[in-house]
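Consider the two complexes below, in which chain A is the common component and chain B and chain C are the respective partners.
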Partner chain A sequence: MQYLIQLLISGLAIGAIYGLIAMGFAVIYKSTGLVNFAQGEMTMIVAYIAWTISTTVSGNVFVVAVGAILTAIVLGLVIERVVMRPMLGEPVFATVMVTIGLAVILRSSINFIWDAYPHGLDLGVGRDIVRIGDIGVRTGQMAVIATLLLLLAAVWAFFRYSKFGIAMRAVAADDRTALLMGISATRVHAIAWAASSVIAGIAGVFFAISYDLSPAMFQLGLKSFPATILGGLDAVLGSGVGGLLIGITENLAGGYLGSGMKEVAGFAMIIVVLMIRPFGIFGERDIERV
Partner chain B sequence: MIKYLATASLLLATAYLTGGQALAAEQGITDTEIVIGDVEPLTGPPALLGVAASIGHKIAIAEANAAGGINGRKIKYVLEDDGYVTARTIQGVRKVIDVDKAFAMLGISGSGQSIAVMPILEKAGIPTVIDVAPVKFLWEPPRKNVFVVGQSYEEGIIHLVTYLAEKNPGKKWGLITQDDDYGITVRDGFDTVVKAKKLNVVYSGNYKKGQQDFSSDMLQLKQSGAEVFLAGGIIGENIAMMKELEKLNIKPVVGIFWPGRVEPVLKLMGPAGDGIYAVDYVEPFAGPAGKAFLEKAKGLIPEAEMKGINRYSMTGYAAAKVLIGAIERCGKQPTWACTIAELEKTSNVETGIMAPISFGPGKRFSNQKLQIMQSEFSTLSFKPVK
Partner chain C sequence: MTLATEAAARSEQTAPAAAHLLEFRNVRIVYDNAIEAIRDVSIAVPEGGIVALLGSNGAGKSTLLKAMSGILYTEEGVIENGAIRFRDQEVHRLAPDELVRRGIVQVPEGRRVFPALTIDENLQMGGYTKTAAEARDRRDKVFALFPRLFERRDQIAGYMSGGEQQMLAIGRALMTDPVLLALDEPSLGLAPLIIDRIYEVIAKLRDEMKMTVLLVEQNAQRALDIADYAYILETGRVVLDGTASKLSANEDVQEFYLGVSGSGRKSLRDVKHYKRRKRWLS
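Now for the complex of A and B:
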């Protein structure tokens, strides 16, 4: 039983990271109809910036958090304004290719700006191990699960009750009609990119605290993409839940079927789910896939 | 008279041809410069080894240039980035040979990449010393112009596992390897000792390259009751595994392989990384030879590059030193044929950071002596095991 519980806890912890990144994918898709293939790279860049703040400005957790969030907002806004906005109205394929190009540039920038060595993001918190009987979990892992749950609730409330959340849903549903209603689609897009960058950045920082920071971190994006497909590409909350499901499935498969099955399990799961619900567990039926 | 004229013409023609050959020097050589090319991963995660190896080459080249170059010619180092992508390695090697007209080559990238460019190197006939990823295919069968400094992955693993097996008789073993050519080599070496020593292997895992979460793998290891564990990851993987073991509150005897034996890893592993065994053929930085190497490097490369130094800088330095020495022994007009012949004559060349290097007729692999080391968290260093 302890074995199963430990697998579930570890699965939830890594799944929460996937879930946050997957939410970032969904926020952009829901608002712009675009799949951002640079999501993993944005996660990595924000984490590296947080590490730079911690080593050069202050290691205080609040300073690093505020600095990382502000940087993530700027990163998202700059990408939207400089790279994505000029692509408005262009074919989806071309726009997606731009995000792939952006991913390569961001990935390479790690070596140019920082280095290829792994680094630890040491903020003095998150690394302690809490033991309940024979089961161990790091405080950072507990925090990322709690953060995902809080964000899921906050995002649900935002889309349901806030004026801007409703505006975003309107743009996602029909941007032309939304424009006629006085909603600025470009503003919505900009906010979506900034929000996506912040959510991905939070995942990156938690990952760096619990694991480490390395140029391989962008691969989290590849692991999180199935989560957003599973949850529904246009379902922000569903994507978060999808991350948890992928994390748990991977760990159970790895723990009971063998190490090699760990990487396969998540993808096997999305194949089965998509055969039954092609739009994902929580997705809407009429989405356009890229 | 006719006989005299014929002899004179023949002599003249011979002198012209010989002289012409001497004057028309090999590619990559001018009166003032000699070009050495290299292709390494300078971006992406494997840049950790590519950048370090290139720094090692730079140290040896700067050292030679500071001493007046190779018989008066300064060495120009041309370095290409392949991003650890084999297609780009091939492209890079072609560029270095055909466009930059390199006289000789160092490197080259990873094991798979070196294997992929072997036909190009052989066809070109360019003197090459490989130092980054020694695998048997690079020297078996021996190629005329390709020399390898180092020790084979398989031998390294055999040495490490044999040492740990003798130190921990009757214990239960666990192993995890990467799902690529590197992992297969590690597993092959491990299996050789398992058969020979009849080891009791209770856990054998295989992970996909790029995997970052090892929670279920290490939980399986714990469940198996393994007491000695060969962590077949490279850098980030080994860090993640050690952190998981710490979380699971188990501390088996752990062995790691030299691609992961870089000092910054110990800091990231934290106390969990204390006492890890490793095998290598270069000296640890904590020893006198390692300290002397760092001291030497300080005066030869920019301060910013110092932080990129790791064990691969040592292997790179040694390979470059051997190559430079061979070219130097060819005198004022070095040729590829002479350089290859001199590389073959390399005998007990001292580099100060590994056992003396030797090649020989039909021997293109230096077969370096191995040593076991153990990590010390308090000093974040590896120290030789007596």
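Now for the complex of A and C:
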């Protein structure tokens, strides 16, 4: 029983990281209609920058957090302006290919700018273990789960109630008509990229605190993608929950079926879920009136 | 204050003696650097009237509206020559949102409501350039004009009938508080009874709200019944223009656009042939 609970908790913690990255996917998809395959790479870059800030400027948690969020915003805006905006109006397939190219460039830049060795991001927080009965939980794990839940609530309210959130959905559905209503699609896209980059960056920093930084971190993106598909590409909330589900599934499969199953479990679950609900658990069916 | 007096009051302040509210002057539009969609078209829309743009598919009617709204660039279209003037100012280089702020708005062809958004959210998007208070005010007026939208305000727009979607699309455009409202084929795909209702609303916008309307239609009969003045476009050129009553009486218009045949039934082949000859000779 204790083993099970321990597996569930660490599954939730890694799942929260997947969930955050998956939300990043969904935010961009929901407002631009694109799948950004560079999401994992953006996560990694921001984590590396946070590490650089911690080693060169200050190891203070707040300094690193503010610095990481600011650089994430800049990263998102620059990618949108330089890479994505020229692709506006081009076929979706071509644009998605561009994000794959971007992913490769960002991935390689780690080796150019930093190095190929793993690093620990030690901010002096998140590694303490809190004991609840027999169960040990790291504070970092609790913090990332709490952060995911908070962000889920915030993002849900944003898309549901704020004029700008509704405009993002409108632009995703039909950007030309949105233009006709005076909604600036480019501004909406820029903000979506910045927001997505910040969410990805938060995930990266949490991951680096709990585990380690390494040039293989971009694989987080690949692992989070099933979470987005599971939750529904257009469902930001669903993506977050999908992340938790994938995390738990992985951990349980790894714990009970052997570590080889850990990598496969998430994807196996996707296949089953998509056969039953092709638009994801929380995704919206395309509305087609006959 | 009603929609009418508001729009009227505003136009008095800012445009003292503009002969025409909107003007296309010798406009030439080219797509993809290769395809000439509009050749030397001049169209004038006087304030407070309804001007109809008629013509068959591909004549360039929608292209003109896209140019007016500043969204040609999304289709690689460019105004190569000429100008579009609104209240005696050149506006064809302005961004779409700036044009909306100045009071130019269009209801796009095929209605184009945001399908996954509720009716209320669709209207909110129409009021995107307005402050929250202004938008609420406008929305009440739109609900007064279309009580049906009020009844269904929390429903998903994509599930509404075609006629309701057209009303929503018009309501959404009215949210921008327009001076000039352009409608691209408002009767497209609707039942005759619904079309009657839509045209009643258009008449109301002109008569009670003193709005200027630019009406693009394939349904020439309907458009000529309501319009003051009309232009007929064919392959990117204005081939005929005049008051609506004059055009309705014109033999060629009757023959080609109103389906009235003066000399008994003709085969389609004859008509096409005649039409082609006529175009070349003119």
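Note that in this section the second predicted complex is superposed on the first by the 286 of 290 C-alpha atoms of A that agree within 3 Å, B and C clash if a C-alpha of one lies under 4 Å from a C-alpha of the other, contacts with A are read in each partner's own complex, and residues count from 1 in each chain.
Quick note on the criterion: contacts are C-beta pairs under 8 Å (C-beta built on N, C-alpha and C of every residue); 3 or more make two chains touch, one makes a residue touch a chain.
If you're wondering where the values come from, they're calculated on a predicted model, not measured in any experiment.
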Three-chain arrangement built on chain A, chain B and chain C clash or fit: fit
For A:Gly89 in the superposed arrangement: first (chain B), second (chain C), both or neither? second
Who wins on chain A residues touched, chain B or chain C? B
Would you sort A:Phe62 into first (chain B), second (chain C), both or neither based on which partner it touches? neither
Looking at A:Arg169, would you say it contacts chain B, chain C, both, or neither? Reply first, second, both or neither. second
Once the structures are superposed on A, label A:Tyr3 by its partner contacts, choosing first (chain B), second (chain C), both or neither. first
Figure out whether A:Ala178 sits in contact with chain B (first) or chain C (second), or with both, or with neither. second
Chain B and chain C, minimum CA distance [Å, superposed model]: 38
Using the touch definition from the top, list the residues of chain A that touch chain B in their complex. 3, 6-7, 10-11, 13-14, 107-108, 111-112, 115-120, 127, 129, 131, 134, 136-138, 207, 211-212, 214-217, 219-220, 250-255, 258-260, 262-263
Residues of chain B that touch chain A when the two form their complex: 42-48, 50-51, 176, 179, 205-208, 210-213, 215-217, 219-220, 223, 235-236, 239-240, 243, 246-249, 262, 264-265, 267-268, 270, 307-308
Can you list the residues on chain C that touch chain A in the complex? 69-71, 74-76, 95-97, 99-101, 105-106, 108, 112, 114-117, 121, 124-126, 128-129, 132, 156, 158-159, 172, 176
In the complex with chain C, residue positions of chain A that touch it: 89, 163, 166-167, 169-170, 173-184, 284, 287-289
